[in-house]
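Below are two complexes that have subunit A in common, paired first with subunit B and then with subunit C.
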Partner chain A sequence: MKTKQDFPSINERKAEGVKEDGNGYRVLIVDDSMFVTKQISQILTSEGFDVVGIATDGEEGVEKYKELFPNVDVVTMDITMPKMDGVTALEKILEFDKEARVVMISALGKQDLVKKSLLLGAKNYIVKPLDRKKVLERIVMSLKQ
Partner chain B sequence: MSDYLDPANEELLKDFYVEAELQVEALESNILVLENNPGDSDAVDEVFRAAHTLKGAAATVQMNELADFTHLVEDALDVIRSGGVSLESETVDLLLQSVDVIKSMLDARSRGGVYQQNIDGLCAELKMAMQLAEEEGSHEAGFPEAADAPSGTGIESAGATDSDANGADPGSGPGAGTNAANAGQTAAAGTLSEYDALELREAATAGETVFQIDVHFNRDNPMNTVGGIQVFAALKKRGRVLRTLPEFEALYEDNFFPTVTYFVASAEDAPSLQTAAEIPDVTTGVSVQALDQTGQSGAAQTAQSAPDTPAATTASSAGAASEAGPAAAPGEPAAAPGESPEPPTESQSAADTNAGPETAGEVTRGGGKNGTELPDSLERKSSGSVLRVDSKRIDNLLNLVSETVINKAGFNQLVSEFSDALNRFDSADQQLRETLKSLFDSLPSYLEQMHNGTSVKQVRKELLTRFGGLYSAYDEFESGLKTTVTRFRSNAQNLGRITGELQEGVMRIRMVPIAQIFSRFPRLVRDLSRSLGKNIDLEIEGEETELDKSVIEDLLDPLIHCVRNSIDHGVETPSQRHEAGKAERGVVGLKASNEGNMIVIEISDDGRGIDVEKVRGRAIERGVIQAGKTLTDVEAFNLIFEPGFSTASAVTNVSGRGVGLDVVKRQLEKLNGSVSVWSELGAGTRFTIKIPLTLAIIQGLLVRVGKEMYAIPITSVIDSHRIRPGEIKRIDNYEVFNVRDDVVSLLRLNRLFQIETDEEKSYHYVVIVGAGDKKMGLVVDSLIGEEDVVIKPLRDHYTNAPGIAGANITGDGTVCLIIDVGQLLDLGLKHEMEQRKRRETTIR
Partner chain C sequence: MRVEYINPFVESAYNVLKEVLNGDVKRGELFLKSTAMPVLGVAAIVGLAGDVEGRVVFDMTRETAVNIASAMLEAMEMEPITTLNDMGRATINELANMITGQAVTKLHDLGFKFDLTPPAILTGDNMELSDSGVEALIVPMEVPQGKIEINVAIRERA
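Moving on to the complex of A and B:
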C-alpha cells in the first residue's frame, strides 16, 4: 500500500504557499443525486478545489476512496444512499484510513444519523439544501482540523 | 462514546472481575452489617464506596447495563445515607436483591453474554425506596409535608429545592412524578454533588486536568440539536469526556439544549479546549474552567468567551454555580418535545418542565443505551486464575532466591577446594609411590648389610630416618579435605533449609485466607433462617486460616451443604427452642483452624442434635446396616453420610432430600479430606471437616513393585503388614487376608500394572488402603518409606491411565507414579475378577 508520506500533507502544502481556501485540495464526492453532486462540484471547483472522484453509492464511495488513496484530501458523503448508506461507508473508510476527512451531507430530519457520524469520526456535516458559503466554510474547517 | 481504555483488553477484564468480586463482597457484607447496626457509618461509607468503585470499573470496561444499574443503586444509597434514615428490613432485602442482580450481570458478562432479564421492577422499587427514605428524612427533620416543604433539612440543599418544585407541580402523577424528582435530586440542575465532583476528579490520570466546559449553542442553526454531539465529538479528540450535563443520552435524543456542560479530562490547556469546542454557526459561547481540588469550578484556569445571548449566560451560571437551584429554569425556553406537563409517565418530560433541561439527562440516566455503542466484544477467559498475593510473600521468596544464589557461590568455591584437594592428593600420592619405590629398591642393599652383620636395630633406625615420611604422607591432604568436607556439609545443610523454605514460600503464594468463602455465609445464613422463620446468629472464627486456592474453591459447596443442614435440621424454631428452655436465637458456628498440615473446619449448631436411635432405625429400615449389627454412637452418627439417608421426616426445600451429606463426603474425599459428625441429642451437632493444606504436595508412602516405584498417598493408607504367602487365603475367587477380625481383599499391584516380579517370595508386604467405606490390601514387593511427594500432572495420553493420579520425581531423579486409591479400588476389584477367571480357565 502506498503511504501518505509520499505526498505532501496539508500543512506542507500551506507552507508551499498554496492558497488556504481551496486550491489544489482533492475532493471525492459520494452522493446518489446527480443534482447535489453537480452543486457541490461546482461550488468547490469554482474555489480551486480539485474534484478527483465521484461515486453514486456508499459501496462505490468506499472503493473509490481506496483506489484514490492517498490522493484524496476530503470526502463529502451523503447519508441516504442506495446499496450502502453514508454512515456505513464512513465507517468503512475510517476503518481503511483513520485519518480520512469525511464531511457528511444530510437532509433535515436525519439528526440522529449526523450525530452518529460525528461520534464515529466524521469531521463535520452540511445540511441540505446546500448553501455555497456553508459548504465552503464546513469543508475548509474540516481540512483545518 | 468517550475514549476508554481498550475494553477488550484481557488483562483489564481480568482485573475488572477480580475488582468487581471484591466490591460485591464488600457491598453484601456491609449491607448485612447495616441491617444489624443501622447506625454504623463506617459500613454506610463502605457500601457506598464499593458501589461507586464498581460503577466506575463497569463503565471503564463498557458494561453499560452494569454501570447504569449500579449507578441507580448508588443513588439509592446516597439518598439513604444523606437522609440519615435507618434501614428497614425491606430496604435491606431490596439492596440485597440488587446485589444479586449485579452478581448475575457480572456472571453473564463473564460468560461472554449480557444480562437480559427485565429489572424495571427492581429499579422502580429502588426509586420508591429512595422516595420513602427521603420523605422519612424530611419528617424526621420536622417537615410533615415533605413535598411542599420549602427545603428539606438533611437532604442536599439543591436537591431539596428541586424536589420542592416537583412536588408542587399539579400535573405530576404521584408515582412517576416523584421518581423524576428523586432522580433529578441526586445531581440537581447542572450542579455537581460533592460526590460527583469527587468522582470526576478521581477520573483524571497523571498529567490530566479535569475541565468544566460550558458551551452555549446557536438556536438558529437548522440542525441545532446536533451541536451537543458535535462538540462532544470535537472534545473527545482532545481528552476524555467524563460526563455531560445533560447526560449523553439526552444529547443524543433530538433535543436542543441552549447550554451543555462537558466535563473533560485532558492533558491540554484551557484555551486549546476552548478552540476545539468553538464551532462557527453552531456554538455561541464557550467557557472553560478547571475543576480545582475541592471539586468546585475554580477560577484558576478560566477562559471565557463572551456568550452571545443573555439567556445563555443565565443557563451557564445555573450550570456552574452550586447554589443555583431551578430558579433559572423557568426562564429557559425548553425546546424539548415533551414540553406539556402531563402525563409525566416519562420521567424525562417531568424533569424538563420542572427543573429545566439541565436535569433531563440526569433523569434518563440508568435508562437505555444508544445506537453508537461500541461492538460488544467483551468475552473473557476465566478470572479464576488470578491470585492476589501479599507482596511480603514475594519479597520473602526473592530473599530466599538470593540466599540460594549465595549458596550456589559457596558450592562453586567448594568445587575449587575439592579440586585443590584432589591435586594435593595426587602429589602426595606421587611422592608416596616414589618413596615406596626407593624403599623397595633399597631393600636388597639393606638385606645385604644385615647379612654382613649390621645390626637389625641399626638398619631399622636408618629405614626410619629415610622413610619415616611415609606415615605423614597424606597428612596435609587429609586436613585440607576435612575442612572442605565440613564446609560442604554445612553448605548442603543450608541448601536443604533454603529449598525447604522456598517450597513453603511458593506454596504460601497459593494460600488464601478461608475468609474468602466464609464471607459468603452471613448472607446465606440470613436468607435461609428468614425463609425458615428461625432466628440464627452466625459465629465465624479463624477466618484468617489459610489454605490452597485450588482447595478453597472446591470447599465452598460442601460447606454450604453442612451449614444448610445445620440451619434446616439442626436449629429449632424459636418456639421449639423456647419450650426446650434454650435462648430463642440459635447459633451456628463456622470455625477454621490448623492442625499439622491439615485444615480443620467445624460447623456447629446448638440445635436439637442427632437422635442416635432414630439414625440406627432408619439405617436398618433403609438396609444400610443389618439389624443385628452393633454400632458405636460415632459410627451411627456417621451413617448420615450414606447415600439416600435422611432422618428429616419432611422434605423441605432447603435440605432433606437425602442428597447432600453423601455428596459432601464424596467431594471432600476428592480433596483428600474427610468429614465426621458428632452430636449430642438436644444440645447440638458438630461437623468436622479435615482437608490437607494443599493438593500439590502430599505425604506419600513409597513402595516397590518389581523395578518400579509407586507412591501411595499417606492419607489413604490405613496400615501395612508383612505376611507369608501362606497367610493369603481365597474366598470366592478373591485373594483375602485376615487383619485381626477383619477380612481384607488383596490386589497384587504387579498383576494390575503387569510388572514381572517373583511372586514366590518368603514374604509379601501388604499396604491396607481405604477410600470412603471401601478397604483393600495392595500387595507390593517392599516398602521404601514416607516422603513428601510433589504431584506432577500427567499429560496427553497418560492422563487416562486408570489408577494413576500423577507422577513424582524422587530425590535421585527417577520417576515414580502416584496411585489414585479411589480409582484403584474400583478398578482393582473388576480387574482381579477378570484375571482370575482367565487364569482359572487356562488351568482347566
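Moving on to the complex of A and C:
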C-alpha cells in the first residue's frame, strides 16, 4: 500500500526563480504603473526571484541597469512610459550590455512595438492583463535562452 | 457617432472585467447623450487621436472604484484598499489601460489608425462631462462590485 511518503510533497517543488546555487534570479522591474510593479514583484518574489530594483520610467530603468550591472539576470520593461519609452530603454540597455535579458510588458494594441522590440533583441514579451502563469512562463523562458 | 466605435470597448470591457474580477459581468442598455452629463465620482479618461478622435471615460462611484481596485488587488494576493489612495488610482488606471488596449487592437484590425493617451483619473463630487460636436454613447456594465459606465465619444477626423 502506498504511504504518504511515496508522493512527492508539493513543497519540494523547486521554485521557478531560484538558481542552482540556491539564490534567486535578480530582476529589475521598469514600469510606471504602481499596480503593475506590485503585481510583477508579488508574482516573482513568491517564486523565489529577487527583485533588485524598480524604475518608473525608461530613463531611470537604463540608469538602474547600469548601476546594478552585472547583478541583474532579467529586466521586465513596460513599453509605454514617460520620459523614455520601453523600446528606447531596451535599445540603450542592449547598447550597454548586448547579453541583457529584457522581457517586454505590453498592453494589447502595441503589436508593432512588440515586434520592433523582439527584432532589437528583447528575449520575450508579456501582454497585459498579467497573470501568474504567463509571467512566470515567459520570464523563465527568457532565462533559459 | 457610429456604433461600430463603441462595440470594441464593450467587448473588451466585458472580457477584461470578467478576467480581472473573476465574476459575473452584465451589460446594460446602451444610451446616447448629447448634453453635459454628471460624472459618478471617479472617472478614468483616455484620449484618442488619429483617423478618429475623441475620448473614452470609465465612470464609477468612489465606492465602486474602491471595491473594484480591492478585488483586483486581492486576486493578486495583494492588500485590498479602504479608500481611494495612490494604489487604488494606479489600479483603476491599469484597468482602463487594459480595456482600451484590447479595444484599440480591435479597432486597428478594422482599419482605424490612432494613438491613445495614457489614462488620467479624475475624482470629485458634482462633476459634469461635456463634449463639443460629438455625441457620447454610454454602456453601463454591472459587476459584483458595482456599476461602471463606459462613455465613448469618438468621431472621424475632418
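Convention: the second predicted complex is superposed on the first by the 122 of 145 C-alpha atoms of A that agree within 3 Å, B and C clash if a C-alpha of one lies under 4 Å from a C-alpha of the other, contacts with A are read in each partner's own complex, and residues count from 1 in each chain.
The working rule: a contact is a pair of C-beta atoms (placed from the backbone, for glycine too) under 8 Å apart; a residue touches a chain by one contact, two chains touch by 3 or more.
The structure displayed is predicted, hence computed values, not measured ones.
Asker: If subunit A is used to align the two complexes, do subunit B and subunit C fit next to each other or clash?
Answerer: In the superposition, subunit B and subunit C stay clear of each other.
Asker: First (subunit B), second (subunit C), both or neither: which does A:Gln42 touch?
Answerer: second
Asker: One more residue to check, A:Met34. First (subunit B), second (subunit C), both or neither?
Answerer: In the superposition, A:Met34 contacts subunit C only.
Asker: Looking at the overlay, what does A:Lys66 touch: subunit B (first), subunit C (second), both, or neither?
Answerer: Neither subunit B nor subunit C is touched by A:Lys66.
Asker: Is A:Val114 touching anything from subunit B or subunit C once the two structures are fitted on A? First, second, both or neither.
Answerer: first
Asker: Tell me which partner A:Met141 touches in the superposition: subunit B (first), subunit C (second), both or neither.
Answerer: In the superposed model, A:Met141 contacts subunit B only, not subunit C.
Asker: First (subunit B), second (subunit C), both or neither: which does A:Arg26 touch?
Answerer: A:Arg26: touches no partner chain.
Asker: Taking the superposition as given, does A:Tyr125 touch the first partner, subunit B, the second, subunit C, both, or neither?
Answerer: first
Asker: Once you lay one complex on the other using chain A, what is the shortest C-alpha distance from subunit B to subunit C, in Å?
Answerer: Taking the overlay as described at the top, subunit B lies 6 Å from subunit C at its nearest C-alpha.
Asker: Output the subunit A positions appearing in both contact lists, the one against subunit B and the one against subunit C.
Answerer: 108, 111
Asker: Spell out the residues on subunit C that touch subunit A in their complex, using ranges where they run on.
Answerer: Touch list, subunit C to subunit A: 16, 19-20, 72-73, 76-78, 86-87, 90-91, 93-94, 97-98, 100-105, 108, 116, 118.
Asker: So in the complex, which bits of subunit A are touching subunit B?
Answerer: 106, 108, 111-112, 114-116, 118-122, 124-125, 127, 134, 137, 141
Asker: If we count contacts the way the header does, which residues on subunit A are in touch with subunit C in the complex?
Answerer: The contact residues of subunit A facing subunit C are 33-36, 38-39, 42-43, 46, 80, 82, 107-111, 128-129.
Asker: Show which residues of subunit B lie in contact with subunit A when the two form their complex.
Answerer: Its residues touching subunit A are 1, 222-223, 225-226, 229-230, 232-233, 251-252, 254, 279-281, 371-372.
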